[in-house]
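Comments concern the structure below.
All chains are identified by letter, namely A, B and C, in their written order; residue positions are counted from 1 within each chain.
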């Protein structure tokens, strides 16, 4: 794909015959074997492969769960318990699917923050980045609908609260919510359509992932130096075996974390309340979404106006799509941007704190002076929300104009030499020149 | 590698900061339950079969009149990883229960003795009947109660829980609740039909102290031979036994899960080790690279 | 300068690339075992689950309400089972046909079960699925007044033996035994 020529050479007559009609082996070879990878990628670049693994894992465990699950308000909770108790390895499928969602989001957040730090959204990778934002949105919708399916208390009340967001839309809001529900409240029709869409959306994600990878292989990967490939022989290595073995190693390490939760701590990332069957007459004392939605939930709650809160929440995600044009710096990598680096970590901290604010009761005190509450969780969330938006709308545009970046390396190969003093990125022993 | 480690630290905090377990009891007004020791703690923890059998006796004689166990089948009681009653015992036990079956040829539903494949019958036919019999409060089903109850751990404890494997919020809370009945402190008025409990959120619980079925007001056992295996009969012991039984009822595949997990972990470590060596060897081919012709 | 193929080659002085590579083989083998370990639960989950297996436990059937010349159909493990109380004439006609040309030769006596050392010839218990493609045959009909399968026209006699039509075998007999003269246990 892209700029480099295909190096695939069909060996047998059959391979030549197939290649002349459907060059699928050539496609695989060019994108997973000979595809040139910048040689200085660090382990943060393995998360794309890890995400692919998680998507496949979620689809497979999901298809298996559907064989035993019943999408009906009277049977959903029971059928999940049936999976946990009676189905062969049912507990494994369900815990792998439930924890898999969290692992998927951990990986995607690392992937996104890697892109933010190294400027992977900048030209010529704007579309690649926007496709990523689309995948992220689809993931959130899929995860939300999936969480409704066990029909526990958090499922029901999460669905009620989130669908009610749309009632904030002027004039047509109430009609839209009724349409989403298929009734006058979250009920069986809602569960059925969420189930249908929860099954559909992963395949939409898969489709956009194909575009995302296509765009990636067309423009080539960014790298920690942010300098584009100039000399393929010096700056890149072939995907196989170099990236393949590195990705596999990273995947197995990631699977260890995954397995730790699935086998030894399967309910840590969930809510106890979701083991209580849904009850439309009783709301749990404290409703919180799954951890991966908390920063956005924090933004939603920070805005005192209903419509304003909803708009702020959606804007906080939509803003990411405009990032390639909001960041005015000519330098891609944060490694060569001393001021950006600081703001990046502040921003990351703000996101974590937004998540914390989203998880806490609104009236909880954050700062008390002389027995008086100076700052409660709402006020705290507001400060963080303002900073979140300021980071994209004020700091990044201005930083590019005023910041003085460090001297960029002349090439990827040079950056490797500079950073390690050796001929290759990690664990080198040989001297670079003979 | 400093960026890597900082990034990872941030990711770990971001990933975990959030999973504040236990909104279930966020209402406040209940003391944090004291921590108990459990045989099922940790990656190698298993259920104590004798304890599960004792706990089942407590459930059956004390709780079952009001609290169902509708997701559990009689056969589960003889399955591996559980109380391990014999199949004969389970068959006899099931036959003591009546379940609804039918319709028969006359089109009528009829009661028959339960079989091991049946699930525990519900104590009340529906929620309304349960309400009517219990002062307006529905006694919750006990099938997954040990996973459905929790309390807030607070920062940074819940992050450390990932490593220390603490996940017994439910069992600790249930045990605490059972031994938490006491006289209300001065100035606290407890309305009719409610009872003061130190660990219940809000302190006022509709359920009367259930252990009066086992211990009289003076704390003496009603029946000194309640435990035929000679286990000392104390409130804490009875509370812990029934709690352990409820934990098993909520997670009957726990032992299978942990056993599988140990094997999986072992294999992943092996695979990671091999892949690491392979990766190092493959990448070492690049040592001489820059010296090559352009 | 777009050719990267030369990077795949080993550095000079590296070992012979054709040599059997222990590390690569070991990693591949460990990976294959892991993939197999992941595949097994995915396959196994489609087998009958514990509740299905438990619900398929043996059942006891009281025969007393079934009058002579009558039959009932009961459901066990999701399949129909015919229990037919034969008359003396029916038994005689079935025994007479033991010597007829049968597609799946079997004596009538081989298709009944004993109680107390005595064959209970009046009771025929068979799975109610045609051995052709699994349809449920209609009782007391067909050319032999046994069962007739409307799907593809298989005729069975009152012993459940295939007499005419595409079915290859006699109607299958489930595992069952007499607990008393009027009670059987199936399974």
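Following the convention adopted for this analysis, a residue touches a chain if its C-beta (ideal position, glycine included) is under 8 Å from a C-beta of that chain, and two chains touch if they have at least 3 such contacts.
What you see is a predicted model; the values in this text were computed from it and never measured.
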Practice task
Would you identify the shape of the chain contact graph, picking one of line, ring, star, complete or other?
Solution key: complete
Problem - Pair sharing more residue contacts (C-beta pairs) when A-B is set against A-C - result: A-B
Completion exercise
Rounded to the nearest Å, the gap between Cα centres of chain B and chain C is 40
Handout entry: Chain centre separation (chain A, chain B; CA means) in Å
Key = 32
Problem - Where chain A and chain C are represented by their mean Cα positions, the distance between them in whole Å - result: 49
Handout entry: Shared-contact residues (touching 2 or more other chains) in chain B
Key = 264, 268, 271, 275, 278, 284, 286-289, 292, 294
Handout entry: Multi-chain contact sites of chain C, meaning residues that touch two or more partners
Key = 1, 6-7, 31, 50-51
Handout entry: Residues of chain A touching at least two other chains
Key = 85, 92, 231, 233, 237, 241, 248
Completion exercise
In the complex, chain C touches chain A at residues 1-8, 31, 41-42, 44-47, 49-52
Exercise for the section: Would you pull the chain A residues touching chain C in the complex into a rising list? Expected result: 3-5, 7, 34, 36, 60, 64, 67-68, 82, 85-90, 92-93, 231-233, 236-238, 240-241, 248
Completion exercise
In their shared complex, chain C is touched by residues of chain B numbered 73, 75, 79, 115-117, 264, 267-268, 270-271, 274-275, 277-278, 281, 284-289, 292, 294
Exercise for the section: Please name which positions on chain A make contact with chain B in the complex. Expected result: 39, 42-44, 78, 81, 84-85, 91-92, 95, 102, 106, 109-110, 113-114, 117, 231, 233-234, 237, 241-242, 245-246, 248-249, 252-253, 255-256, 259-260, 262-269, 271-273, 275-276, 284-288, 291-292, 294, 335, 345, 348-349, 351-352, 355-356, 358-361, 413, 417, 422-430, 432-434
Handout entry: Residues on chain C engaged by chain B in the complex (per definition of touch)
Key = 1, 6-7, 10-12, 14, 23-24, 26-27, 30-31, 33-34, 37, 50-51, 54-55, 57
